[in-house]
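Chains here go by letter, A, B and C, matching the order in which they are written, and residues are numbered from 1 within each.
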Amino acid sequence: MADPRFFKKDKAKTLEDLAKISGGVVHVPETAKLMIEDVGPLDQAGAGQISFLDNVRYKQMFASSKAAACVVAPQMVEFAPKSMALIVSKNPYKSYALIAQVFYPDAYPAANISRAAHIDPSAAIGSGCTIEPGVVVKANAKIGDGCWIEANAVIGEGVEIGPKSRIGVSASISHAILGAAVRLYPGVRVGQDGFGFAIDPAGHVKVPQLGRVIIEDHVEIGANSCIDRGAGPDTVIGAGTWIDNLVQIGHNVKIGRGCVLVAQSGIAGSSVMEDYAVLAAQAGVAGHLTIGKGARIGAKAGVMKDVPAGEEHLGAPSMPVRDFMKQVITLKRLTKDQKSE
Amino acid sequence: MADPRFFKKDKAKTLEDLAKISGGVVHVPETAKLMIEDVGPLDQAGAGQISFLDNVRYKQMFASSKAAACVVAPQMVEFAPKSMALIVSKNPYKSYALIAQVFYPDAYPAANISRAAHIDPSAAIGSGCTIEPGVVVKANAKIGDGCWIEANAVIGEGVEIGPKSRIGVSASISHAILGAAVRLYPGVRVGQDGFGFAIDPAGHVKVPQLGRVIIEDHVEIGANSCIDRGAGPDTVIGAGTWIDNLVQIGHNVKIGRGCVLVAQSGIAGSSVMEDYAVLAAQAGVAGHLTIGKGARIGAKAGVMKDVPAGEEHLGAPSMPVRDFMKQVITLKRLTKDQKSE
Amino acid sequence: MADPRFFKKDKAKTLEDLAKISGGVVHVPETAKLMIEDVGPLDQAGAGQISFLDNVRYKQMFASSKAAACVVAPQMVEFAPKSMALIVSKNPYKSYALIAQVFYPDAYPAANISRAAHIDPSAAIGSGCTIEPGVVVKANAKIGDGCWIEANAVIGEGVEIGPKSRIGVSASISHAILGAAVRLYPGVRVGQDGFGFAIDPAGHVKVPQLGRVIIEDHVEIGANSCIDRGAGPDTVIGAGTWIDNLVQIGHNVKIGRGCVLVAQSGIAGSSVMEDYAVLAAQAGVAGHLTIGKGARIGAKAGVMKDVPAGEEHLGAPSMPVRDFMKQVITLKRLTKDQKSE
């Protein structure tokens, strides 16, 4: 059970209610009214708790689990312990996520504007917002209804933030328009100048960065990540894209819908990630390239040319993952041969 | 045109005035008095707007551009549309940067010391400074004339900052001396202890870090980058060096004048970058090495030995770029051969 | 000598006292009462100053040093200048660190709770704490005796911090329990949600992150590093582990005692580093792996499978360092052969 100092649990629910919420179905109708009080991992959950099985590797753990209930895929039902109630779902992990969300809702604090926040009189603050101490909201900024601006965050002049967004501790935003339900984690930097200048031994000459950052609805940006504003065009983060911690997004970059960028990855100026593309941890994409729709760039890859839609690339310089794996094997084999000479 | 919520445009200027500012010359004297109101990209600029052509790849776009005026290199003049006025420059990108700067000057706000800043009575604040809410300036700090200290930045005890510098939101500085016109972006960390200790299973023993960080004039340091102070010698960032976001500079590092360090690169303790050297994105330099004057380290390179002046290196471990490219080709070819066996 | 604007030096001590502190012995009894006033590097130290020799490479510099005293290993004694007093130690670097610590103690400021800090009435603050302006301490947080919470740091609801800990400027902590003498550098992010969600084109579904971050005694975490909280299990950083700047620690990660993680390295969700393991700069570890006790992962390595205890790995994908070096040589040789064909 989650530590009650940090997490508030909602009240118990019937298996039937959880099935409805999760998009699954109760396997044995007689268990529909079973009361479930909490979620828990397969090997720890017990009476009153629901778990999930998503990976066939844990089948054994599942078979001996003492969880009162479990979310499983249809093909796993037969391995369930006799006493376990089941919700059957084609996507057990997603179903479990939805169930965990009802037990532990992402609750915002009661609306309150701290007297220790510094809000310019020309700023427009929506109804039902929480603005914590030390927050600075500059002239003409607009903050939508029900936003939560955490302590010491700074909202720049003219910035617009859609409803139900949450801006983390000490985050900073300038030259940006944010949609609804956007979440910036602590220390995120949005809207500072891109790294654009004419190199000159007599002193680099800055090219004024005249674009903005546009962040669409339901985007999440992880702690201490940086999104530079455009040089002329905007930098755009598409709806539903999730960005992890310490990620770098250069100026003019366009990221589509539902993309995933894992920790410490980076994408250089003017490159494009089409919808649902994935950039794994510590990967990098050079400037002016396109990562096609649904393409997957592996961890530590260094992308130096366009990646077609749907392909999976790895290596630096990156290549299709099967080619990379062949090269790894070839080099290993040749090294062995050299030794035996 | 840049979003007026975020950018204030200066008044119109004659082509002649812009030529003078940019270091170029008006190509057709009759166009000298043409009024220019704004800058814009080649494919979008129209009446009253000036653009630039820096890359021969865009020659076609240039030939069909509707921009009233354009900055071009001498050899491109012949491809210009008939109706377009021209400023001819040997360095069109730099000339354009200078023109864009006069339309969109890097204006500081009117001088103002917020009553919500926390300034130690012993600190010396120059004339004409802007100090925003939540800023903390500790004992004996000295801030030069015309500085802009953004919200929630923290200036440590005894720190000195030269005139016209700008310290970004939530940045922190300790044990450091900064020159004139230095700019730290939001979240930059300057002057914390370097990562120096005697490794010991009974508990690592910290070596007191007794040096400082010296940042010379006109340095820019990108968002959330970290510059550790020296262990005994100082960490030094030379005049006019530009550092991008999320860059790591270890203790005792000496960076020369006019260097460029791109996002997520890092340089370990006691290494030296001589003047005008470049470290591309996600590259790393091990400790106690020297990157010679004007050397260029490519993206994701891992430098494990000295790099002579003027050379371009790539790979991990890094090597001259032509050697790296040959290795890439060799491995590809050998892999193909293996498959055909 | 360290800049007195930033460093306060303690009073002079006898060589005898320093030997005792350092775990070494005075080599010539007649020098036991020699007064030492400061530490300094071999090539700069003079009268009244003590230095150290840890690396045989600097033997020449040692032989000509003008330092009044030096900490050396037994086998280096014979190379010392005649006039130099010596402390002999099996671990001169550690001994020097201990000596430097007594001259430059890591002094906390006098206890003081700023009236410009925002402390919830339900929070418990120990005795002798320093809490600087702009700090926010939320409901039910507990801060131990003698802690130093630097300006604009934010301590989340229910967070517990052990005695003598120091939380850096603008750092943020939530959902976490910290031990004694923990030090977070500026901008560190502890306790935010891990990057856990069910990928779904219709909108990724967040999996509530219900674990905590447990940081044991004497841990140091470098500037702008990020430690996500667990998804269900906790994320744990073992006692005496040192983490450098810009490091990423994913959810559920378990790091043992005395580990070292160098700048810009990262470790993905649910992986384990056993005691005394080392992750060098810009290295990465994929999820659900184990780095065995005392294993060393080299700079820029990409670890994709378990690393046995005590091994040293390098490369991406990583392998034992001798195999990696052989591959580097093989590829170099084969590339030369290809050219000569």
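Convention: a residue touches a chain if its C-beta (ideal position, glycine included) is under 8 Å from a C-beta of that chain, and two chains touch if they have at least 3 such contacts.
These figures come from a predicted structure and were not determined experimentally.
Visitor: Suppose you list every residue number at the subunit A-subunit C interface; are over half of them used by both chains (same) or under half (different)?
Guide: different
Visitor: Overlay subunit A and subunit B by their C-alpha atoms and let me know the rotation angle in degrees, rounded to the nearest 5.
Guide: Rounded to the nearest 5 degrees, it is 120.
Visitor: As a quick test, compute the distance in whole Å between the mean CA positions of subunit A and subunit C.
Guide: Inter-chain centre distance comes to 29 Å.
Visitor: Could you list the positions in subunit C whose residues touch two or more of the other chains?
Guide: Counting only residues that touch two or more other chains, subunit C contributes 134, 152, 170, 187, 224, 246, 264, 282, 316, 331, 334.
Visitor: Please output the residues of subunit C touching subunit B within their complex, sorted ascending.
Guide: 2-3, 5-7, 39-41, 91, 93-94, 96-98, 100-101, 103-104, 106, 114, 116, 132-134, 150-152, 168-170, 185-187, 218, 222-224, 240, 242, 244-246, 258, 260, 262-264, 276, 281-282, 299-300, 316, 328, 331-332, 334-335, 338-339
Visitor: Given the complex with subunit A, which residues does subunit C contribute to the contact?
Guide: Its residues touching subunit A are 118, 134, 136, 140, 152, 154, 157-158, 170, 172, 174-175, 187, 189, 192-193, 195, 197-201, 203-208, 210-212, 224, 226, 228, 232-233, 246, 248, 250, 264, 266, 268, 282, 284, 286, 302, 316-317, 323, 326-327, 329-331, 333-334.
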